[in-house]
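A, B, C and D are the chain letters, set down in written order, and residue numbers restart from 1 in every chain.
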């Protein structure tokens, strides 16, 4: 059973490496508060699990070494044991305690990452709409009035709120080093909160399988200082073309495009399905045809705290 | 990346043409061989029309083994493709088809039938019954399953395989985004096989509840039978959900309904919801029988009764109830609020408690035991530490917030292979080795068995442990390729080597089957392992009526007790035995199902309707049929018993 | 075959008892099936898109007719089984025939209702609401239709073979099925129609 | 003869089921809150189901009655979980 010990020590080495420095794993190398919360949660849970594995492995090794037939002697006859209420209660109660502990952590960390990042509670977030269409990402900045395809720039030290939806299959928007993923769907808008602490270029991608071009459906998320960011916005505004309805339709139809920048957004002529809920008539759903697009989303008060404020 | 146009025979893909040719050649040589050796009559009489639970079980296992290889070849291709960055073995479309068929086949056409096969062979024997409650229905179940399997597999060469993942999420699986017939195959073949499974569920529930040998109260049932009882409860209540989900899928794709549509009020998320309402219980359907198998094997080879029998039963009941209230953990990232995610996180993690109880009970069964390391025992022992890794990583996934980072990554892929393979696959292999002599009267070779075991166990960890790390490094699942700069290359290569090792292990396993059939010494006792429960009390191979006289049970581990205390299990004279007649109807009716399913896939309405009517005609014929079975005379029973080496 | 005289015919053999238990378990599965259909309907019933909504579509009269017909048929089949236990073959067959006729009446009304819906522009393809509504109703209706033919087959067998353990067992199981369909209908009546018109 | 063919239990059951259906109609006849209406429908529907199950289907008559009760209760558990759980995840979960 040497193998088991090898495995065990492997796990411990891995756990240390995971948390370590040299070439850290992406998920455990957070660059913003929300990703940090998740990374801490994960490392904590790995430690708990290693503890559980340790207990099981020690017991296991003990039984296998001590009670192998070759050691027990020809005429050893194992006893008849029904069980032990005491022991059984112990190994019911201790796991329950562990589960309670993990549950508390889960609820806390989930609510934490589902709201504005810690430390930024009072700041107005930068809102960016991220829409997926086979097999691209469209990013609209309503505040700045610009739009990009397959890359997104954001300022550091400012909360960012991504509002997600999809023109077609369900996709999942994921920038591992900044926040956990969330689905983008066609009928309504979902939301991710994040903030970047450190300037840098981060991998972003669709992580929910959506057909042939899925593997290539990556984008770059670049966090930059406010000054760099402002400069870039200005640059786009002055040099990039406007995005017209027709351009946009063409863009949606094309399977793959490189990076693009525009000095207007599609939000005006092809509004996102905000305030929508499944069940309400479907004007405003991204997939509806031309005339449907022109009507504003239904103005009923939306009951979707997750979607828009 | 050209997309496949709708076409009937796939002729522009060398790999598929190759497969097509080899299938045709294989089928032809099988046909010629059977004709040459004049075996058609034998096949028809002894296998196709059989209602004997043991033979039906053997057929299930045979199909499952073939499917293990089909799914395994898919797996090797996937691992081969991702072994290196920017590899060109498969293109995106192929990769997508292959992971879809791999997932579907492994779960529904390999794990499920393997388990149902073992359950067919063993359960009636373990409870001292002559057959299942509804032998004819049992045959229907098998043939529906076989037809479903066949239908799913021909998608590869006729019309195109499904390519939207085994979970077939809408809108990706809708007609708009998956225009080939692949997902029609998915919906219809699973539907047909699922009907068979549902019937099995009912059949075995009644069998276990009503046909136990006198004296065998519920709390004196062997643990495997208990696990089958609970599993079938889950089957009976979970499969209707799949039935509905698949029907809605078929209607959306073929009748233009709007259930999961992106317009007209449809809701794409609802498919995911329904799929997992079934899908989560499904994973427990494949793990609980495994727990049962391990319980039998561990107690047999530790030469000790199972520790904490009662808490084992209670924990399985708890798992079965909990299994229905956790499904949303498969889509924490769908954007519903903290409330929903928290509730489902907690229910999910709770399953760790009863599972832990079982793990510790097994460990304590070993305590003070006398452990002999036979092949089935090796698999059972390897299960404990490896499955625990899978289980605790499951608990990590269950934490909603953390799952935002694991979801759809290789970490998840590693989790479920870590539970499915050491859980289910090791269990069915262990059960296969364990009960093989019961059915065929000789053991598989131990040396080869152990060699295969070490190959499989070590390679398994080499193949799947790296995926945990890749997942944490941001590698998502279902990605046919990745760029060099990601740095995923080396670990994927390692994983590929592991997969090859697994392949070699399985080849040794099959070689062992071949070797043992030819050379293994025959065993006359019917109890080669010195085991504990009733199935070992009768002859091996088992006569078609199972027991000449129905045993009288007074204890848990009745056979063991009888052996140790020299108490006979039966008394009184042999009586004539009532047995059911064979019937070709299940086979023929399933043929009609195949016809209807195949035509429905291609939306050929008229033939579909004709075949459907044919199905109802068979049902009507069955209703009017009068078949009271037949009796085996006392003399005949006595003769058979003598030939098998003395009365049991 | 061992026949236990102390029990009603339909329970009198071991095989019969197995079949009755098996059928009850099947009904358990049916509960899961219809629950799923209800879950789908409740989730989608507001999703009428540009098509008619529940308030616009539902009319109370045909629904009441259907309800009365089906409830009565459930009553008559109960009487049929009661007569069967008394060994009254004729009475039993009469009640079964009445049951099946009432079932036909139900189906006729339901078909009329569907035709009305289609006239109002609500086909199964119109919206998620109509898809889920018609699938739920259709599944129930298909069960009734199947039940009708099944009942006919059983009647023929009773007429030809008399009341044997076999035919009695089939009749009894059929009655369970029929009552079950009634229960499902009650839930459709309450939570689809009445709730929809509320 | 008539008495024999129309046993009291069945006649009562039939009358109950008719009455319960009419009571359920109250939700249309009177103006009431959604909650009140749902409560009435739930009560009448469950009572109707019980009438069928107990009076007509004789669930308690056989040696397997405990199995039958367990079976139905388990089925209802799964059914209710499916319905409420689906609404919880698909509708209510988005509205807190």
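Going forward, a contact is a pair of C-beta atoms (placed from the backbone, for glycine too) under 8 Å apart; a residue touches a chain by one contact, two chains touch by 3 or more.
These figures come from a predicted structure and were not determined experimentally.
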{"item": "Chain pair with the higher count of C-beta pairs in contact (B-C, A-B)", "value": "A-B"}
{"item": "Innermost chain by mean C-alpha position", "value": "B"}
{"item": "Centre-to-centre distance between chain D and chain A (centres being mean Cα positions), rounded to whole Å", "value": "44"}
{"item": "Gap in Å, rounded to a whole number, between the CA centres of chain B and chain A", "value": "33"}
{"item": "Approximate Å spacing (C-alpha centroids) for the pair chain A, chain C", "value": "48"}
{"item": "Gap in Å, rounded to a whole number, between the CA centres of chain C and chain B", "value": "34"}
{"item": "Residues within chain D bordering two or more other chains", "value": "64, 67, 74-75, 78, 82, 86, 90-91, 94, 96"}
{"item": "Multi-partner residues of chain A (each touching 2 or more other chains)", "value": "278-279, 281-282, 305-306"}
{"item": "Residues of chain B whose C-beta touches two or more other chains", "value": "209-210, 237-238, 241, 263-265, 267, 269-270, 274, 277, 331, 334-337"}
{"item": "Residues of chain B defined as touching chain A within the complex", "value": "1, 3, 92-93, 96, 163-165, 169, 171-172, 176-177, 262-265, 267-269, 272, 302-305, 307-311, 331, 333-338, 341-342, 345-346, 349-350, 352-353, 356-357, 359-361, 363-364, 366-373, 381, 384-385, 388-389, 392-393, 395-396, 398-409, 457-458, 461, 465, 468-469, 471-474, 476-482, 487"}
{"item": "In the complex with chain B, residue positions of chain D that touch it", "value": "64, 67, 74-75, 77-78, 81-82, 85-86, 88-90, 93-94, 96"}
{"item": "For the chain C and chain B complex, residues of the former touching the latter", "value": "1, 17-19, 21-22, 25-26, 28-30, 32-33, 36-37, 39-40, 43-44, 46-51, 124-132, 135, 149-150, 153-154, 156-157, 166, 170"}
{"item": "Residues of chain B touching chain C in the complex", "value": "133-134, 198, 201-203, 205-206, 209-211, 236-241, 243-245, 247-248, 251, 255-259, 261, 263-267, 270, 274, 277, 578, 616, 620, 623-624, 626, 628"}
{"item": "For the chain D and chain C complex, residues of the former touching the latter", "value": "4-7, 10, 13-14, 17-18, 21, 24-25, 27-28, 34, 37-38, 41-42, 44-45, 48-49, 52-53, 55-57, 59, 62-64, 67-68, 71-72, 74-76, 78-80, 82-83, 86-87, 90-91"}
